[in-house]
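Presented sequentially are two complexes of chain A, the first with chain B as partner and the second with chain C.
Up next is the complex of A and B:
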C-alpha cells in the first residue's frame, strides 16, 4: 500500500514540474491511473486482507480508499472550467492541493495505527481549508473556513489526548488489536469515549455540531464541495467505527445520547431542506441528514449497524458529489444557486436532466439504489436498539424523499426563467462527470456483496 | 556602536551558558545568568532608537530583579532550614524563590507581561535571539530544579501560559506582539515538558527554535511589522510570505507540519505520567492560539485580491531560492523525519 501513497507523492511532484499546458491532464489522468492499484487492494475478505508496515487494508478501508481515489479525477474534471481565468501558477497550486488532499485521505484510510490515522486526518484539513477559503467565490468564505477549521480542531485535539491516553494504557494503537484500556465500570470512560468520538461527530457531522457544513459547502468551489461531501464526511464515520474497536460494549450507554440526537437530526435536517432557497445549501443539509443515519448505525454497535453505515457512506459519497457537480454545471452558466432562479432546467439541458433524475432518485433512497440498502440495514440496527425509533426514522425517510423530489422538481420542471443569456450547451466533460459518478453507484446495485 | 564589538558580546553570552552548565555552586550559576543578561543588553540597544532603548531598559529591569531574587533564593537555600507552610507543595522556600526568578527570566505566566512590550520594541533579529537563545540559561537552571514537589506549580504555570499566550494574541495585529504571545504559549508547553523530563524539554526547545528562526528571519527580510504588510508582501515576494505562513501553521502545531511533533511528544509524556489535567489545559490553550496563527497564515496564503497578479518569479534562483525551498520542505516533511528518528530510538 505504500505504492499507493508514493503514487500520490509522485503525482504532486509531476503536477508541480510539468508544463502548464498539460497540468490539468496530468492531474486527471494520473489520478485515474492511480485507481488501478486501489482496485487491486479490493479483496473480498471480511477481515484484514493486507498488511504492509504502517498500513493495512480491510473492507472498510478499501471501500473508502477507492471512493476517495475515484473522486480525484472527477474533482479535477469538474473544476477545470471555472479555473480557466486564473494565473497558471495558482491553477497549479490548486491541482497540487487536491492531489495532496487525496494522498492524505488515502493515508488516513489505509493507516493501521490510530495515530497515523489521526495525523493524516488532520493533514487533510489544511488543503481543504485552502480550497474553501482561497478559491471560494464570496466574501463569506473567510468565516466558512474559520468555522471549518475550528469546529474540527475543537474535536480533534481532545481526540489526540484520548488516543495518547489509550496508547499509555495499552501500549499500542494498532488497529489489528482489539483492546479496551479502561474497565467497564469506571466513570472516566464516558469522558474518554466522548473525547475520542467528538472529533468524528463534528466531521460527520452530527446534528448539533453541523454548523460548519452548510457554510463550507456553499462557499467552497466545486472541487471543495465534492471532496467534502464525497470523502471528508466519511472520514468521520470511518474514524468512529475504528475508534469503537477500542471500547467494545463499554460505551454503548453513552452512545445512546448521540443516537437520539442523530435521529432528531434526520427529521430537522429534512424539514430544513424543504425550506432552503440555495441549491448547494440544500444538498449540504441533506448530507447532514444522511450522515445522521450513519451515526445512528455506528452507535448501535452491531454488525448490521456498521455495514449499513458503510454502504450508506459509499452511496452518499457518490450521489452527493454528483449532485454538487450538477449544481455547479448550472452555476457556471446562470451564476446563481437560488432555486427560484434555476427553474426549468430540463427544458434547457435535457440530457443532463437524466443525471439529475438518477442522482435525485438515489438521494431519496429509491429501490434498487444502494442508498436504500444502506438505509434499510442501518434502520434495522437502530430499530433493534429501540422500537420507538421507527417513528423518527420513517419521518426522516419521508422528509428525505420530500426534499429530494422538491429539489428535482424546483430545478428541472416549471417555466424556464427568462433573461439568461449565453447558456452554452452542456459539454461532454459534464456528461462524463455525471456518468462517472453514477455508473459505480449503479454497478454496486448488482454487486452489493463488495461492501457487505 | 562599532560592529567589531559584537563578537565580544557573543562570546560572553556563549560563555555564560558554559558557566551555568559546568558550575557546581549556585553563585556561579547566578554569575552566568547575569553575564548572559549583561552581555545581551548592548545588542538589544544597537540602533539607539528610543523605542529600542525603552524596550532594553524594561528588559534590564526585569532581568536584574529576577537575578536579585535568584541571589536571595540561593542565600535562603544555603542558610538555615527555612521551612514554610507550603513546603509539601513547593518544597524548599529557597528553591521556590529561584524557580520564580527563572520564571521571571523566561517570561512564563505570571511574570510574563514584559515579553510582549520588549519584543514589540525591538527589531526582529534581537527579538529572535531574546526569545530563543536567552531562554537557554534559564532552562538549564529550571531543569535542575524540577522535582516532584514543584512540578505541579510549574505545570499550572505552563498550562496558564499556553492559555494566556493564546488569549493575549487574539487581538494583535502587530507581528512582533503576535510572536511574543506565541513564544509565551510555546514556553508553557516547553515548561510542561520539562516537568516530565529534561530530554523532553530540550527536544521541544530545539524544535521551537528551529521552527521560529525562519519565521523571524523572513519577517525581517520582508520588513513586515503589521499584519497588513504581510498581506501586501504576498504580491511582492510570495514565497517568502509562504514561508511565514507555513512557519506559523507549523508553530500552531498542525499536522502535517513539524511543529506538531512537539505537541505530540509533550502530550504523550504527560499522559504517560497520568497528568491528564495538564494535558487538557495545554490543549485548550493550543486551540485558542490556533486562531491567530490561522489568521496570519490566511494573510499569507489565502487572501488575494482580484487585481493582483504574480510578479516574475525571480525568487526561484540563487541562494535565497534554495533556502526558501529548504525551509518549506523542512516544515512539511520534518514530521516524517523526526517521527522516524524517534521510532528508531525506541
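Up next is the complex of A and C:
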C-alpha cells in the first residue's frame, strides 16, 4: 500500500516539474493510472484484512480510497476550463494542491494507526482551504474558508487529546484494538468517547454543526466542491465507523442526542432545500441530509448500520460530485447559480440532461440506484434501534425526493431563459465527466455484492 | 363619457363595476411603470451589440437578499420563538422519545422479553 501513497508523491513531483503544456494531462492521466493499484487492494472483508507496515486495507478503507482516487482525474477534468486564464504557475499550484489532497486522503483511508489517520485527516484541511479561499468565485469565500477551517479544527482538537490519552493508557492506537478495560463504568468515559466522535460529527456533518458546509461547498471552485462533497465528508463517516468500533460497548452513553440531531436534520435540511434559490446551495444542503442518515447508521453500532452507511457514502460521493460538476457546467456558461435564472436547460443542452436526470433520480434514492439500498439498509438499522425513528426517516426521505425533483424540474424544464448569449455547446470533456461519475454508480447497481 | 359622471373613463364597457375611478387610475399608473420596466428589459435583451449575458439588477438584488439573511439576523421574540420551536424543541423531544424507548427496550432485554411483545405493532 505504500506504493499507492508513493504514487501520489511521484505525481505531485511530476506535476511540479513537467512542461506547462502537459501539466493538466499529466495530472489527469496519472490520477487515472493510480486507480489500478487501488483496485488491486480490493478485498471484501469488513474488518482488518490486508496489512503492510503502517497501513491496512479492508473493505471500507479500500472502497473510500478508490472513490477518492477516482475523483482526482474527475476534479482535474472539471476545473480545466475555468482555470484557462490563470497564470501557469498558479495552475500548477492548483493541480499540485489537488494531487496532494488526494494523496493525503489515500493515506487517511489506508492508515492502520489512528494517529496516522488523524495526521492525514488534518493534512487534508490545508489544500482544501487553499482551494476554497484562493480559487473561489465570490468574496464570501474568505468567510467560507474560515468557517470550514475553524469548525473542523475545533472539532478535531478533542479527538487529538482523546487519542493521545488512549495511547498513554493502552500503549497503542492500532485499529483492531478494542478500548475495553480503559476505565470500567466511570462516567468520564462518555466524554472520552464524545471527544473522539465530535471531530467526525463536525466533518460529516451532523445537523447541529453543519454551518460550514453550505458556505464551503458554494464558495469553493468546482474541484473543491467535488472533493468536499465526494470524499471529505466521507472522512467523517469513515472515522466514526473506526472510532465507534473501537469504543464498542465501553462507552456507556449511546447516541440518542446524536441520532435526534441527525433525524431532525434530515427533515429540516429537506425542507430548507425546497426553499433554496442557489443551485449549489441546494446540493450542499442535500449532502447534509444524506449524511444525517449515515450518522444514524453508524451510531446504531450494528453491522447493517455500518454497511448501509458505507453504501450510502459511496453512492452519495459519486452522485453529489456529479451534480456539482453539472451545476458548474451551467455556471461556466451562464455565470449564475440562481435557480430562477437557469431554467429550461434541457432544451439548451439535451444530452447532458440525461446526466442531470440520472443523477437527480439517484439523489432521490430511486430504485435500483445504490442510494436506495444505502438508505434502506441504514433505515432498517435505525428502525431496529428505535421504532419511533421511522416517522422521521420517512418524512426525510419524502422531502429528499421532493427537493431532488424540484431541482431537476426548476433547472431543466420550463421556458428557456433568453437573456444568455454565447452559450457554447457542452464539450465532450463535460460529457466525459458525467459518464465517469455515473458509470461506477450504475455499475454498482449490478454488482452490489461489492458492497455487501 | 366623463360627462355622464360616475363611470370610470377607462372602463367604457363596464367590465369592472365596483372599481372606483381613483383605483382605476392608480392601476393604470402601475401598469405604465411595469410597461416601462418591460420595455427597458426588452431593449437590453434585444440589443444587437451586447456582449455576454443579460443581467437583471432586480434579480441580483433579490438573490443577494436571499443569500445574506444570516448576516442580517436580529434577535427578536419572533426569531427566538422560531428557533426554539424548530430548533431546540424537536431535538429535545426526539432525544426524550428515543431515550425512553431505548431504556424500555434495554429493560425488556434484561428481563428476557422480546421486543413489542404485547402491542398493536408487532414485528
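As a convention for this text, the second predicted complex is superposed on the first by the 441 of 452 C-alpha atoms of A that agree within 3 Å, B and C clash if a C-alpha of one lies under 4 Å from a C-alpha of the other, contacts with A are read in each partner's own complex, and residues count from 1 in each chain.
As a convention for this text, contacts are C-beta pairs under 8 Å (C-beta built on N, C-alpha and C of every residue); 3 or more make two chains touch, one makes a residue touch a chain.
In this text the structure is predicted, and so the values were computed from the model without any measurement.
> If we overlay the two complexes on their shared chain A, which of chain B and chain C does A:268 touch? Say first, second, both or neither.
So A:268 only meets chain C here.
> Which partner does A:157 reach: the first (chain B), the second (chain C), both, or neither?
Only chain B; A:157 stays clear of chain C.
> Answer with first, second, both or neither: which of chain B and chain C does A:425 touch in the superposed model?
neither
> Let me test your reading of the model: by the given contact rule, A:17 touches which partner, first (chain B), second (chain C), both or neither?
neither
> Determine, under the contact definition given at the top, whether A:33 touches first (chain B), second (chain C), both, or neither.
Touch partners of A:33: none, neither chain B nor chain C.
> Touching A:167 in the superposition: chain B (first), chain C (second), both, neither?
A:167: touches chain B, not chain C.
> So which positions on chain A get touched by both chain B and chain C?
none
> So in the complex, the part of chain C that touches chain A is made up of which residues?
45, 50-56, 59, 63, 66-67, 86, 90-91, 94-95, 97-99, 101-102, 105, 116, 121
> Touching chain A in the complex: which residues of chain B?
Answer in residue numbers: 249, 254-256, 260, 263-264, 267-268, 271-272, 274, 276, 279-280, 283, 286-287, 290-291, 294, 298, 301-304, 309-310, 313, 335.
> Contact residues on chain A for chain C in the complex?
The contact residues of chain A facing chain C are 208, 254, 256-257, 259-261, 263-264, 268, 277-278, 281, 334-336, 338, 340-341, 385-389, 392, 418-422.
> State the interface residues of chain A toward chain B in the complex, per the touch definition above.
So the residues of chain A in touch with chain B come to 87, 89-90, 104, 118-120, 122-123, 125-126, 129-130, 133-134, 142, 145-146, 149-150, 153-154, 157-158, 160-161, 164-165, 167-168.
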